[in-house]
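Before we start, here is the structure in question, set down as structure tokens.
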Amino acid sequence: MMKELKEKIVQRIKANFADAAEKNDFNYNRLDFTVKKETIPSILFYLKDEMGFIHLSDANCVDWLEEGELELVFIVWSPKDKIKIFVRTRLDRDNPVMDNLDMIWPQLNTYEREFREMFGVQVTGLEAPDEFILEDWQGPPPFRRDFDTAAYAEKTFWERPGREDAQDVRETIANRDGEEIPDFAKKYSR
Amino acid sequence: MVNDKNSQKIVDFIQNWARKHSIWVLAYGTGCGAIEIPPTMTSRYDAERLGVRGAATPRQADVLLITGYLTVKTLKRVIRVYEQMQDPKYVIGFGSCTINGGMYYDSYNTIKVLDKYLPVDVYINGCMPRPEAVLSGFARLQKRIAEGRANGAQQYKDNLEWYRANQKKIIPNWIMPEYNW
Amino acid sequence: MEKVLLDILGAIVTFLVAFVVGMTYGGLNRKITARVQNRKGPPWYQNFIDAYKLSSKKSAIHHGVMHHLGPAFLMVTSVMTLLIVPVLSHNNWFPNLNFQGDLIFLLYIMTFGPLGMALGAGQTGNPNSAIGVTRGLSMMVGFEIPWVLALVALMIQYHTTSITGLMAVQAHSGTWLMFSSPFAFIAAVMALFGMFRYSPFDIVGAPTELASGPIAETGGKYLFVMMSSGSVFTFAKLTLYVDLFLGGADNLFILIIKTFALYLIPLLYSLVSPRYRTEQAIRWFWGWPSFFGLLAILQAIIF
Amino acid sequence: MEMIHIIFLIFLGGAVLTYFSGKISKVLQDIFFLASVLVPAYLFFAYVGAGREATLSLGGITLIWGVNHFSWLFSLIVLGLGSMAAIYAIGYMKGKKRKGYFYFNFILSIMAMMGILLSIDLISFFIFWEIMTWSSYLVTIYNGHDIQRIGIKYFVFSAIGAYAMLMAIVIVHHLTGSFLMSSMINFYPNMSLSMQIWIPVMFLLAFGVKAAMMPLHVWAPDAYSNAPMAYTSIFSGALSKMGIYGMVIVLVTMINQIPQGFWFREVIAWLGGITAAIGTLWAIKQDDAKKLLAYSSVAQLGYIITGIAIGTELGMLAGLFLAVMHALFKGTLFMVTGAIEKQTGTTNFNEVTGLIRKMPWTFIAALLSIIALAGIPPLGGFVGKWMLYESLITSNHYLLVIVIFFSSTAAFLYCYKFLFGFFLGQEEKEWAHVKEAPAVMVVPMLIMAVMMFVLGTFPGIILKPINSGLMDLGFVDSFKHLWESSVILNVWGNHVVLQPILYWIIGIFVFFMIFLTWKGFKTTRYVSTKDISSSGEVPADDENLTFSVGFMQPFMRAVAPAMRRQIDKYYNGIADGLESLFEFIRRIYTGNGQTYTIYVIVFVVIVLLFKNILF
């Protein structure tokens, strides 16, 4: 039943969007399509208006540092068919540009502001205040993987120096209680 | 007579005693620590028997209780609130986050050491500190007030430039009114 | 001239007594509340410490002349009410300015302070203050109706508009008006709930919702004056009720017993009550309390 | 040539001169205008006392004018407020168009009011009444917008009232053969009962319209708020008092003579009470200062009507004292509104805020008049309210006391709204440029504010003329021992000395003022209204934090059931009904010859068919 339904949906989408690369090996109610950046608005519109995927569950950005790309993931859900579809697209990491999509789902506005602030995605045509969560932010987009938060925090914020007599007391405690520290935990000791 | 040192001492003693026993707290519930305040105030631990009582606005409050981590965004508000409070005023840093960043030690947007930005009179350690610890913190503050050592506000006034420089380092877009006394 | 000086001296003594008693009642209020909630609670003198601490604050801010004078307006009301209400029946130490028709005068002077303070709260520019003020004034319109009904009933029944007149009636007949005009008493006590602004009528200064409302911008010495004014006013109101309904008092001890018994009514009611919204509160006052007030007027006309 | 003639001549000539001198020079026009109001006022108080009379023969009818103590009291209101408003108008009208038109009607209004007060015969009374109506109508439509809705409404109500009065005058003349008021009053007990009822009703219709009594008040808010504020202060302060003046004559001198008069007065008293309550509730709802004050005028006139309708000595005293006070404080408040309109260009509470530091003197005037309006003790309003309650309670109007008290307490809400809306709240950047109004406008306001204070302390100053006026109306002078100027009267007790109480209030206030100011004077500092504790947020300069929209929402929600019915709607219903009736009649008279032919034929056929029955 579910399989037939999924098959039917895959067929329909393949018929309409030739570039949709399908990854359909899930044995539960999930489908996955990867499309080109230009196709995103039309496929989302199509899913929402024609196929009953009226609910936007989530929109996310994934940083594929090694491949030099940013991936946008939109998860839509059909209350009628009880199926969720992942729609993915890849953006160039050095110059990530996407179109504003908040006419499809107004809540996308918030997600797009997050993309812009946290990943540095340029959203053309987005109407929103400049600042989203970070105020007075001056560094690089903090959710990119090449952003070193520890180094940034060390550079920006004061750090309290540890006490000079600070020692690793775990061994003492372990010896006192007659326990052994497992090997994997030992590498965390100072 | 009024300028006489001994009589001033007596006045100070009485005033400090009153301040010690009447602590109106403005709990700035930024982080997860805010959840520890209700049990401290209500029937189980009853901080009111020590004269500790909630205040609604900074104009009425004596103590600014900063419960937990401070992001850059909330730090701005905390500084504002602190500057709106009336002298004499005290700050309690609550939880590890205000001491050394706690579990947010490497976060890109939370400060780690509160006393670089505001004069902290008493720190309460723990993540989270239990209400007993909070009460002990209040007791410590009371002791300092009674001894006349809780002079963070004076320190802030004297070293305003240093504090301002620290604050402006992480808040480059500074639009707050000047602190003028 | 000597008489004026004596009057001023007596006024100061009255003020001090009212201040001490009112503050103590405030402290006892906190203590009783704590005990009801199964807490230890602050000591009974906690309010004195708070007041002294507030007065010893080293700095204070104001947003303009009206804000600066708002507490003074409030104090005028409290002290005038205190001076007009006869504290003890036969005593030279507590002077009173009372005159024929002072009940109506009281009704109006009691609104002078809130209005002055409302102006002060308005000038702060804090939206919370203005919201609190509108709520307070609206609620005042609510509880004044049963209160006036009760007073008019008394005026009709005993053909006098003065407090001393009503006290004389009680002294003469030997019964308290509480028993001879029970409906007026009930209506007046229900109006008292509103005057004290304890729960369920405490939406005016809701601390978490409005940041304590009208006094949101007030601290230090201003808050001290307001707090003392509130204490004095508490005492003055309770004494007024005792004079009107409980036959007055001959010495301070009896006065304190009577006022405290009266004070317990709104206090205990507040402990078991949630909070009304403003329009609910107004409708509450125009419901049963006003009904009892009308009954009181009927009683006054018929008997 | 009596002095009264000269006064009227100066008024008339001054009006014409003022109108035409505008063509030559604006300054000359202002001078002429001031002179033609102030000179007659001076002449009147200096040379015309009670008992003076003057006659004028016009085409066989002799018009008689005279002054008694009662009309002298009202002349005080008209000329006193008129002079202040005239000085104010110079500043207010500066730079406005059609000054001549305004000044002309202003002077005519004052002349007409004086004429009404001095008239002894009914003919001149009616003539001046009409002049007053016309001139006030012309000022009402001065702005030129909404003439249809506002002007016509005012005019229709005034016309209905005036023609009812004319009818009554004709009937009286038919019955008595004289136009003299005194003969009407003397003949009144001899009339038949239906005439005894109808003549006062017709007079009261005219007076009730001017005094904005309950079902007849609907014109007032629009007309008051649409006229220029300099005129509205006399419109509400003095012109409406003409209705009160007439009512006193009808209620006291006529109706008192018959036993049925009790019920008559009872109805009027209740109408006054309801007017007060309804007017107050609607005033709270308004967002525009002019509208708010207009409804508040309706409410205040309700108190006055109640006071005089009770008809006891104390009630009369209360009503007339309140009338004087109302002229003072409502005149001032309209002037304040005018000053703010002049300086900021709007009178909407949702737009203007935080003027207290920019217009301090205006604020002081507004504050004092608001305190007087609310009836709070140190000022004069309290004395009037106090006497009103006393009189209501002693005359057994127990429920009316509650109604009056309700409206007087609810009045605090709009009082606060007025002060807060204009003067308090956030100081916005938008109004940073506002300056204090020119001295010509501020000084009259302050003079009147001081008067309110003086009357609160020494009410005897004005109670004395009121008393002699009442003696003219036939009341007994029973208060002779109470006319020390600071003592007011109490029915159940003896008397109340107001000054010591006032000293106490001021003394306590000053003490705590000094306490607050002196203690730690150096550490107390001023911070701007942007520096408020709003959860640590720093409001930007252009960020509007003022709370003014839906200001009294909780209260309005509580009284919502009482506000659902609007009298306006009933009148509109009547108007619609009349319109459809006229429409129907118009259909019959189509103006088409054929239709008329058909009517004639049908008529003839009917006559022929039924001729046996008909003839």
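Read from first to last, the chains carry the letters A, B, C and D; within each, the first residue is number 1.
Methods note: contacts are C-beta pairs under 8 Å (C-beta built on N, C-alpha and C of every residue); 3 or more make two chains touch, one makes a residue touch a chain.
Keep in mind that this is a model prediction, so the values were computed, not measured.
Novice: Chain by chain, through touching neighbours only, how many steps does the shortest route from chain A to chain D take?
Specialist: 2
Novice: Report the chain closest to the protein's overall CA mean, measuring from each chain's own CA mean.
Specialist: Chain nearest the centroid of all protein C-alpha atoms: C.
Novice: Go ahead and note the Å separation of the Cα centroids belonging to chain B and chain C.
Specialist: 36
Novice: Report, in whole Å, the distance between the mean C-alpha point of chain A and the mean C-alpha point of chain C.
Specialist: Centre separation, chain A to chain C: 61 Å.
Novice: Using CA atom averages as chain centres, what separation in Å is found between chain A and chain B?
Specialist: 38
Novice: Can you list every residue of chain D that touches 2 or more other chains, as numbers and ranges?
Specialist: 523, 525, 530-531, 533 - these are the residues of chain D that touch more than one other chain.
Novice: Show the residues in chain C shared as contacts by 2 or more other chains, in ascending order.
Specialist: Touching at least two other chains: 58-61, 211, 216-217.
Novice: If a residue has to touch 2 or more other chains to count, which residues of chain B qualify?
Specialist: Residues 57, 59, 76, 87, 181 of chain B each touch two or more of the other chains.
Novice: Which two-chain combinations qualify as touching?
Specialist: Every touching chain pair, ordered by label, is A-B, B-C, B-D, C-D.
Novice: Show me the residue ranges of chain B that touch chain A in the complex, using the header's touch definition.
Specialist: Per the touch definition, chain B meets chain A at residues 72-73, 76, 99-101, 105-113, 116, 166, 169-173.
Novice: Under the definition above, what is the set of chain C residues touching chain B in their complex?
Specialist: 30, 34, 37-43, 46, 49-50, 52-53, 56-61, 207-208, 210-212, 215-220, 223
Novice: Residue numbers of chain A touching chain B in their complex, please.
Specialist: 133-136, 138-139, 142, 147, 149-150, 152-153, 156-160
Novice: Within the complex, which stretch of chain D touches chain B?
Specialist: 523, 525, 530-531, 533, 535-538, 540
Novice: Touching chain D in the complex: which residues of chain C?
Specialist: 58-66, 68-69, 71-73, 75-76, 79-80, 83, 97, 99-101, 104-105, 107-109, 111-112, 115, 118-119, 122-128, 130-131, 133-135, 137-138, 140-142, 144-145, 148-149, 152, 155-156, 159-162, 165, 211, 216-217, 221-222, 225, 277-279, 282-283, 286, 297, 300-301
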